[in-house]
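Paired with chain B in one complex and with chain C in the other, chain A is shared by the two complexes that follow.
Presenting the complex of A and B:
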């Protein structure tokens, strides 16, 4: 009987800190997509109540303790950091746990790094904790949400290395400017 | 030469650089142009067509003459404006567009032929023989004409692109821009102040003025210090706003590392896209030259440039300077030169009625008619109201008045309007939504005018944004009236240049008009005026004034050519930043990637994915050896392949079954639970979109599989169909491609291998079954499907366990006489079975062509069904899928012909889409599309491949070569 070892896409990748800004891979654990069927949001909110969450409006996240629900598209959100409650026939759910690779970008220059990678304005005044977005990271489709002093970035697991390379490159170039 | 005590350069810091191989010393704060002038260099380049010696004309980005090549190891950047390039230690520059030395350019013979080289010369002369144009004339002309040379090497230096957002973008940091930025910053707006120069202050850096009773620089520094201290202000130097686009988006090019020695990580340039809710154009104005005879000699410069080199760089541009102007404002230059101890030979004022009161000789009603000095100005001659003059002078500062720098206001098709008072075009209101021009850019040429209109524009912008600008005392500054009498050209016996960059003279304009090119757009293209890197910044208005004169129309009726982005040249590398090499597209790696590479597998790209081509073993000398071995694993024992790249779409909802019936040609609502069915999907035009298997996991729950290449396409198609044809159907779908790592296990020993890893041995699990299993306690999904024709399974585990399971399966397979197989073997296995890929469903084939027309259900409608029934898509005239066999090698892409007919595209019978050597059958096999092919099994066709020089006979056959009854895969 095999013992299967679990591995994240950026297994072994350490954090990169330059100019007071840190890029680090994060293992988010269980991720479940929740897609409410027509007219079922209320039922879902009831089911989510024990987690302290409700289904998030577009471009927002709902958080309670370690659990977080991130809007990712019309009628779609990702539940992160908690087992999905039984939603019965109220929603389509799928396991997305290994499908995404997460990066956490934190520190002073988050918005400046992101300005090299995505057209959205990620300054705290424009993208505050509680906000989420679906947008591009370089040439990749990504999910973003703001936390206190940090930005979370999800990309497809298979593209994790490229996502890391792009973010690290942007941070390195910014650091080179600071030294210039 | 330098003048003690003048200038904003850092005299304590010396910078050494090289120009044409000679070392020179300048100071920090110098441009290449100011440093060369300080070192007494006058000739810095050769002109475009006539190869005349040229010197620095301006002190800004509009410079048409002083274009140089910047040299680096293995790289050279041509057409760099010496007036913009900052010097740094180690900078190496050289002049361009000459044959031999800069001083003795062999191509300057062109200048002797000048009478023949006027507008339209090439068009008229090199007509015959026709074939010579492309092969001889054009290359020769191109070599002699022109600009700098590119490096033959690809530019590998780092570049960057970036986005920014703001409430207000202020373009230009002169008095207008600084005032606008201060006003809006104090109102709390989010402000970006973009300045093309490496130092903020605009004209105030050069003009030696007084603001609020103090030197203007004091005010500039105080304003900048305040702006810099505010968190809502971003100061961007070395940043040229190059274009205005829809929705408040502006393009801007920032010179990030061009003023320093190269650094591995520091971008040379950054191309910005700035989204601004409001914008103020405070780009100032450009002084215009006067087209007098032989006005292109080194030493003849713009008066404002002479002033700038004096006040900002502490450089005297001559020992005996003469001023030639048609306006009052330019006289400041002469006065400042004299105050600095530079001798002014005379002021030549073209106006007979101007003031003659100066501390130097003043000639009124003056015209310069001739200039002397082969490699630099020595003397000028002309006449004035009192007679003729000849002056020894080594620098002539000219001023024909000012043109507002309004280019950005024309980027969205706005046309500027003519102001007779200013004898210049001024921006039209509202030409770019959200942008207003202020200060000199809008025709307010005094410093007071700049400060007050900059302030007013900002107050208005703040009001538009719902912000209130606090009261602010306007600083006091000069408010001299702008008095000028237009002077576009001076007639004489010599050529008078308009467009220095493209060597266009006044004669070219009048000749164009005479030859019928009277529209300004035709004139431009016939003479090439305004088509050089400076885009006519120095010459446009004068050229069209002359055209107006030559055609008897007024200037407003003549109009201008169109100013288009970019305002200054942008390197393609900056626009393409983030798209070179590996950054061109994301790389997608499977969980087994490292395990495959550990085994030495060459990886090939499939879409964005990297997949193992084959797994070489010691002693194998050709990839086909490995491929044949891997095929035999599957046919005789068991093979393992990573198939995670196939698209997986989870579809749920009450209408999921109905939806699948709509998108697939065949029926999925009848698919039993825990079963898989092969499905075919059409585009709306009736041709095949994709194929794959879909499993029913629950009453209202399906899992669709797509091909690797079309995974994104199918997802998009489903979204489109859902939104446009089935908007009120209750279903949800999401990609789960990345959630599951999936491995094919195929071969007679597949079941045995599976049973060795599954927690519970497999019970009855027929062909096309699907069900949950566990592996080491991990929940997995098992599918009984086969792309090889053997007993086949695909097991899917959560991605994080993928690598571990792959390594484990491969190790077990190897103990059973099998092992991993790659894309090559996978391809052979599917070809032996006649299974199609996108090589066959390539976008031009329908269900009928691939022999699957019976899969288009007659009982229901589906996307593409009606269109697939169109005439001409379902008969013997169609090229139909067949198999080919041959004893010798052939290639895909080859064309097929009936024996005995001419080999010609019109007689073609079809083409080969896929081929391989089949180790199972011991011959070469392939798939092809052949006209009426299903009726031609057994026929020998002639195969011709001009690319590979193949010409042989192949036998048409059933596309299923191996186990056509399918007994093996059901075993």
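Presenting the complex of A and C:
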């Protein structure tokens, strides 16, 4: 097997900063889907203990150091930023590192940008760090979670450029209205 | 129209896909008479009032939902996950 170079879908795309708000592509590294088999959540929590994580309840994320576990649906979560532990027969684990594309939206007008793209309320008061959601970004299915001072947006790799364009367009239009 | 997904909370109708009547959950036995299968697949009561039907939360958590709603008042009376119903297989 030749040495292959891993590239994100938005390789070479720089950040866009307008009206104190920054949109930037993010390389999340290893992403592993963890889908517990029936009644196995306890066994998974034990296996995740060395990472300082436990399987997250719906609409939440669990974080410890660089590792993060994001709820993405019933009996399904994505482990980001850490190698997946051996979960044996407790869960189906799948390496999905190359399947996703991530954007980070941070700054003063995050909620206003998102209001143009998704009906969810992304103000920090309604979507605080630790919260996650599956919803649509425009017409794309996406996973959202809140970090301190930033909103993370995860879309399928095949839609990375569209996701970037949608968010960049919304931010640019908002800046135009603000006269910036 | 909004549906309150038991997992995701109140969401816009555009996130959901309509599948059809609740009848699809009541599958006849494999050896049931052909009339029962015909009924199951094709015959629907066209009720004015409270009906139950199946929706898929494709723009959200990807759950199948059993929605009870009133076709006269457009009221949505309840939304439950098909997988969470009593006796449903996991």
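Observations on the structure shown:
Basically, the second predicted complex is superposed on the first by the 176 of 180 C-alpha atoms of A that agree within 3 Å, B and C clash if a C-alpha of one lies under 4 Å from a C-alpha of the other, contacts with A are read in each partner's own complex, and residues count from 1 in each chain.
Just so it is clear, a contact is a pair of C-beta atoms (placed from the backbone, for glycine too) under 8 Å apart; a residue touches a chain by one contact, two chains touch by 3 or more.
Since the structure is predicted, the reported quantities are computational estimates derived from the model, not experimental observations.
Contacts of A:38 after superposition: both chain B and chain C are touched. The partner that reaches more residues of chain A, of the two candidates chain B and chain C, is B. In the superposition on chain A, contact of A:119 is made with both chain B and chain C.
By the touch criterion stated above, A:135 is placed in contact with chain C alone, chain B being left untouched. In the superposition on chain A, A:8 contacts chain B only, with no contact to chain C. Of the two partner chains, chain C is the only one that A:58 touches; chain B does not reach it. According to the touch criterion, the shared surface of chain A, contacted by chain B in one complex and chain C in the other, consists of residues 38, 119. The touching residues of chain A, counted against chain B in their complex, run 1-9, 33, 35, 37-38, 75-76, 89, 91-92, 94-100, 115-116, 118-121, 123, 125-126, 138-140, 156-163, 165-166, 169, 172-173, 175-177, 179-180.
Residues of chain A that touch chain C in their complex: 38, 58-59, 73-74, 119, 133-136, 141. Of all the residues in chain B, the ones that touch chain A in their complex are 158, 160-165, 190, 256-257, 260, 263-267, 273, 275, 578-579, 582-591, 608-609, 650, 652-654, 700-701, 730-741, 757, 759, 775-776, 778, 797-805, 808. Note for the complex: chain C touches chain A at residues 7-9, 11-12, 14-15, 58-63, 81, 83, 90.
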